[in-house]
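Two complexes are shown next, each including subunit A; its partner changes from subunit B in the first to subunit C in the second.
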Partner chain A sequence: MSSEAAAAPPRPLAKRILGETPSAWVFVAPAAVIIVGLAIVPIGWSLVLSFRASDLLSPGHSVGFANYDALLDDPDLRSAVGHTLVFTGLFVPLSIVFGLLLAIALNRPIRLIGFYRTAILLPFIASTAVQGVLFSYIFDERFGVANAVLDKLGIARQGFLGDPDQALLVIVLIALWGGVGFSVIIYLAALQDVPRDLVDAARVDGAKRLGVLRHVVLPQLMPVTVFLVIWQTLLSLQLFDLVYATTRGGPLDSTVVVVYYVYKQAFVLFNAGYAAAVAYVVAAFLIALACLQILYRRLSARHA
Partner chain B sequence: MASRARVLMTVVALAATALIAVSCGGDDDDGGSGGKAKLTFWHGQTEMWADCLATQIAEFNRTHKNIEVSSDTGGVVADRMLQKVTAGLQAGNYPDVAYVFGSDLANFAKSDKLVDLTDSDKIDIDAFYPAGRDAATVDGRVRAVPALIDNLAIVYNRKLFKEAGVDFPNDDWTWDDFRATAKQLTDDARGIVGTGWPGTGDEDTTWRIWPLVWQLGGDILSEDGDTVGFDGASGEGALSYVRDLSADGSVYIDTSAGSERMNQLFQSNKMAMIATGPWNLPDFVDAKVDYGVALLPAFQGEHTTIAGPDVWAIFDNGENRAKAAEEFVGWLTSAEQNLTCATQAGSLPTREDVTKLDGYQDYVNSLPGLTKFVDNLQNAQVRPTIAEYPQISQAMGKAIGLMLFQKAEPADALQDAVDKSNAALRVPGP
Partner chain C sequence: MRERALPFSPWHLLLAPAAILFALPFAWMVLSSFMSNAQINHFPPTIIPDSLHVVGWDHVLRRATFPSWFVNSMIVASVTVVSNLVFCSLAGYAFARLRFRGSSLLFALIIATLIIPFQLTMIPTFIVMERLNLVDTLAALIIPGLVTPLGVFLMRQFFVSLPREVEEAARIDGCSRLGVLLHVAIPLARPALATLAALTFLISWNDLLWPVIAINSDETFTLPLGLTTFQGQHTQDWAAVMAGNVITAVPVVVAFLLAQRTFIESLTSSAVKG
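Now for the complex of A and B:
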């Protein structure tokens, strides 16, 4: 009797499983169910799928690494990767340079500044599907506004989205229209954080406006720029919706990017297992990129 | 402040829990025996046909006390049905009845969730026209019910023909005539183009070439079905024709998603001729286009065209619901109901007995040019219902795209398409 009383009372089972504050789970559960159900389960399931030959309709069978082997020499996948890289290589630097320029232009006390800022941000809020529909009218080869303007200027009409050599570039342009607003907000916020006294000190030392920008402001913006490079790259590599809304990968597959290729393999050609394997390779790249961003933050924190 | 935040969080958490409870427990009613069977019906239609279907659903629910067909269409349009239903089957949450393109049925038939209707007492498949029957049959089993039978013909803009002083097409015209007419009617200065062809390279690009292939003596599959039947002269001739047509500058290559632009051009009197089916006629009437309908041109004599029958597919959500779905589809595809929405859908009769109904003449007269499409059914062939068809379509779509943009020689593009298709046909089925 006494020995039992002396020992620390064993924690009830519920407490051992649920922790010291079991009621916390009530609050966590809804979000946890959503995250597990909508993200974790599909991620695990598509990993399984990537080792199978499956059309999502019949049971399918296991094929080991055959899907991953096949994607090593798939010419269509290679050209899709090429398109994604071209898109990323253009979109990321351009969106950052334009974003910075616009942010600097908007970071001054001029009349109607609120209006300008809103106007720049507006396209960023519009859904990609809306952008796609809007621009496919503007850039229509025969009846679009873009060619009408070129006519007025005396420049030859262009094929735009209907020309295999131009379609991807036009998509970059549309993506910039919609995506530059994000760089602008981020840079605007960062510009407000540049210490006033640093700028003033540089002025006192005789720095011209460009000098201040180059030697004081830009270095202060470095961490934000790194973040933007990584973030916009992650977005570019996942490009899908704009392609779906404008060209569906055409003309002549000139705008088939990697994620669109995954969609096509899974839901048009019924090669779901293969599509999952491609998706996993893309995911591996994205994770590596995200790790790079974390690594940079850790390193710069250590130096600071 | 803190307590207010906590209250807010509790409310949010409770709301989220409630949401989950509702969404998970909402409609797992599989209509236990004796109860009312509730059916989900993804008809995939928009505008006029959708409105007409809504009245049919209401009528069915009124006359069938033990079945309730939901008027919620799942927000799916026919174009995306394949993806939505595939994803739904994977997730275990799929409709009881869905509108499926004939060319997709063979792949759905691989799923054991697609109800086999061969022995159904509610569906009399023999009542339907052969084109619809073939499209609903996979490997000799009836796996769906014909929903709509259509075919391709040339719809032309009479106003533009008159303005250009060109004679209307007659029923003896050839592909050479078509090409010459398209060229004559193209007027870049006024923004008028002779004709159009979808250029995204998907099935909408591909299916329009099969009539040319058939007319030239080829087929989609060879006799034994092990290889394609469009290698050699028929495929090359068809591709060459597309290339020549495009080289004239009289083709609008529609690269928009879903090939909607072509129809819009035709409706705004900017395109002289469009190869399309009866489903477009209600839109053309709506847009007040003065149009006429001509058979597809021929190479020599035969005006062979393609019928693209679409079907109602029934998916198994438990026996009770499947039986109810059969009853609903049986009712929906009966001769009387077939005629009810035919005008709004711009659809042709799916079965012979429709033509004997009292309202049939009114229906034929309701849309100018409809009789031409009805007559054209005799010239129509269908695509094979095989699971490899999407791969063949993809390969051929690419070849046609190369012709439209004049980026390859017909023989090379064809060889590539034939090789890819044959490779797909060699892969053993599951």
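Now for the complex of A and C:
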């Protein structure tokens, strides 16, 4: 490690064991204890748990791969995965397209822009519980303003969150209202980093507005877009709060998503071992996805 | 200059409806909290309450536990923010400036935990809290968030970017490591600390999944948990539910309006992880 140590006088034992600055351990100890204790240890613990039949409060007994076998043909889990994928497939592309559109608009130096930006970002800052409860009210079948508007327009009233065919789609809508702000913030920051002279040069060469957007701005935004796709996908696959604050999985289990299913198995039905197995499989996918993002970053950094 | 058909920028045509779409539900929330339930049940809804009604607010403030949920949320969020500021600064500074055995391994470990999804750790974390007899206490909500890996990462990045010379001058003047951190580095780190504070406040205040798991009695609820539970119990009392919703939303909204730049920065910085 330290090449100058050879010439230096022998160091005290503590320094030889702990490094140049033993006091540094005092600096990092709280962070190390909390993060290792409440992240690294639980990862191992979850793995052990996933091979046991445990009811959360007693240690239970080992069941080998039974939990993993069970999850392969669990129809409830399969439909939870289906709901999660439908949500992700709709939310991710829409949040990115709308996010980009709004960010481009908000990047203009026009009047009222500060007001527009605040209004558009506000929902994202609010708690998901606030968003969910607010839209449970707006989409309430009897008293909600959404059905009142439909009535005025002469359209039939809808069940919204109370209708098994619509509930998941309504949750996508609420998630977009509350989640598009993140895409806007990230794209706004990235747009400000697009070199001005690049845009000007393209304009001088006779490129039209849309041409500049397509051939100059969008390629510059590519790394940010990849980041957003992966980030929003990770968030979507972990959807819980909004479901809890609106439908709690209903009606007729039509909005049970994977994390909600894990929560229900572990903390409502007390199948902690099984829940841990499901969580492990899901986490493996999520971690693989996150690694993809890191890999992409490394690769594009090398080419830059 | 291109000739214009409109007396204003055409971008207003996109932004004005968008801003209304995003802000209107909040306005509706505030208005509804001042309606009587008769007005809410009246169809079509009265858009402007002809007179202010405070039944909803009265219910929420006098007969429900919202005030103590507010206090609980404040306690959890402020302890979390302060402890993150202290411990993430200490750890971040050590990783940036001090040489100690195992430092790169430990830092890699901390960064690796950034990509671990919470649902993987929540079951054992609950069991740990159960063993420590902390389930259903505010401590159970505070402890897992005392130090966040992202915070350690952000503070380390900040301290690495500081010029060493300033600190070295203080060292020569006989300042200890802790002295340098307290008197030289921390004052320079104010913007980074503000960013970290905004981020931890948001995450802590808005959290729902962990309180749902760790808390089960009414008097220990945080606002998001209390709000969703209250709504489940009072599905016909929308004025009261919206008053509770306003209480839950207001602290974050006010903080955002006061320090918009800091919040936006903190959200952008969360994107640098990984």
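Things to note:
In the analysis below, the second predicted complex is superposed on the first by the 288 of 304 C-alpha atoms of A that agree within 3 Å, B and C clash if a C-alpha of one lies under 4 Å from a C-alpha of the other, contacts with A are read in each partner's own complex, and residues count from 1 in each chain.
By our rule, a residue touches a chain if its C-beta (ideal position, glycine included) is under 8 Å from a C-beta of that chain, and two chains touch if they have at least 3 such contacts.
No experiment lies behind these values; they were computed from the predicted model shown.
If you put the two complexes together on subunit A, you find that subunit B and subunit C bump into each other. Of the two partner chains placed by the overlay, neither subunit B nor subunit C lies in contact with A:99. When the two complexes are overlaid, the chain among subunit B and subunit C that reaches more residues of subunit A is C. When the two structures are aligned on the shared chain, A:179 is found in touch with neither subunit B nor subunit C. After overlaying the two complexes on the shared chain, residue contacts for A:27 are found with subunit B and with subunit C alike.
In the superposed model, A:164 lies in contact with subunit B only, and not with subunit C.
When the two complexes are overlaid on their common chain A, residue A:244 makes contact with subunit B and with subunit C alike. Of the two partner chains placed around the shared chain by superposition, subunit B is the only one that A:268 touches, whereas subunit C remains out of contact.
When both complexes are overlaid on chain A, the residue A:58 reaches subunit B alone and has no touch with subunit C. After overlaying the two complexes on the shared chain, residue contacts for A:140 are found with subunit B and with subunit C alike. Counting contacts as defined above, subunit A residues 27, 30-31, 34, 56-57, 132, 136, 140, 142-143, 244-245, 248, 267 meet subunit B in one complex and subunit C in the other.
Taken in their complex, subunit C has these residues touching subunit A: 8-9, 11-12, 14-16, 18-23, 25-26, 28-29, 32, 40-41, 43-45, 87-88, 90-91, 93-95, 98-103, 106, 109-110, 113, 115-128, 130, 143-144, 146-147, 149, 152, 177-178, 202, 205-206, 208-209, 212-213, 223-225, 227-228, 231-232, 238, 241-242, 244-245, 248-249, 252-253, 256-257, 260, 263-264, 267-268, 271, 274. Residue ranges on subunit B touching subunit A, taken from their complex, read 9-10, 13, 16-17, 19-20, 82-83, 86-87, 89-90, 107-108, 110-112, 191, 193, 199-202, 252-253, 255-258, 261, 265, 270, 387, 390-391, 394, 398, 401-402, 404-405, 407, 430. Residues 26-27, 29-31, 33-34, 55-61, 132, 136, 140-143, 161-162, 164, 167, 244-253, 267-270 of subunit A touch subunit B in their complex.
Looking at the complex, you find that subunit A touches subunit C at residues 1-2, 17-25, 27-28, 30-32, 34-36, 38-43, 45-46, 49, 56-57, 101-102, 105-106, 108, 110-113, 115-116, 118-123, 125-130, 132-138, 140, 142-143, 145, 148, 151-152, 177, 182, 185-186, 189, 227, 231, 234, 238, 240-241, 244-245, 248, 259, 262-263, 266-267, 272, 275-276, 279-280, 282-283, 286-287, 290-291, 293-294, 297.
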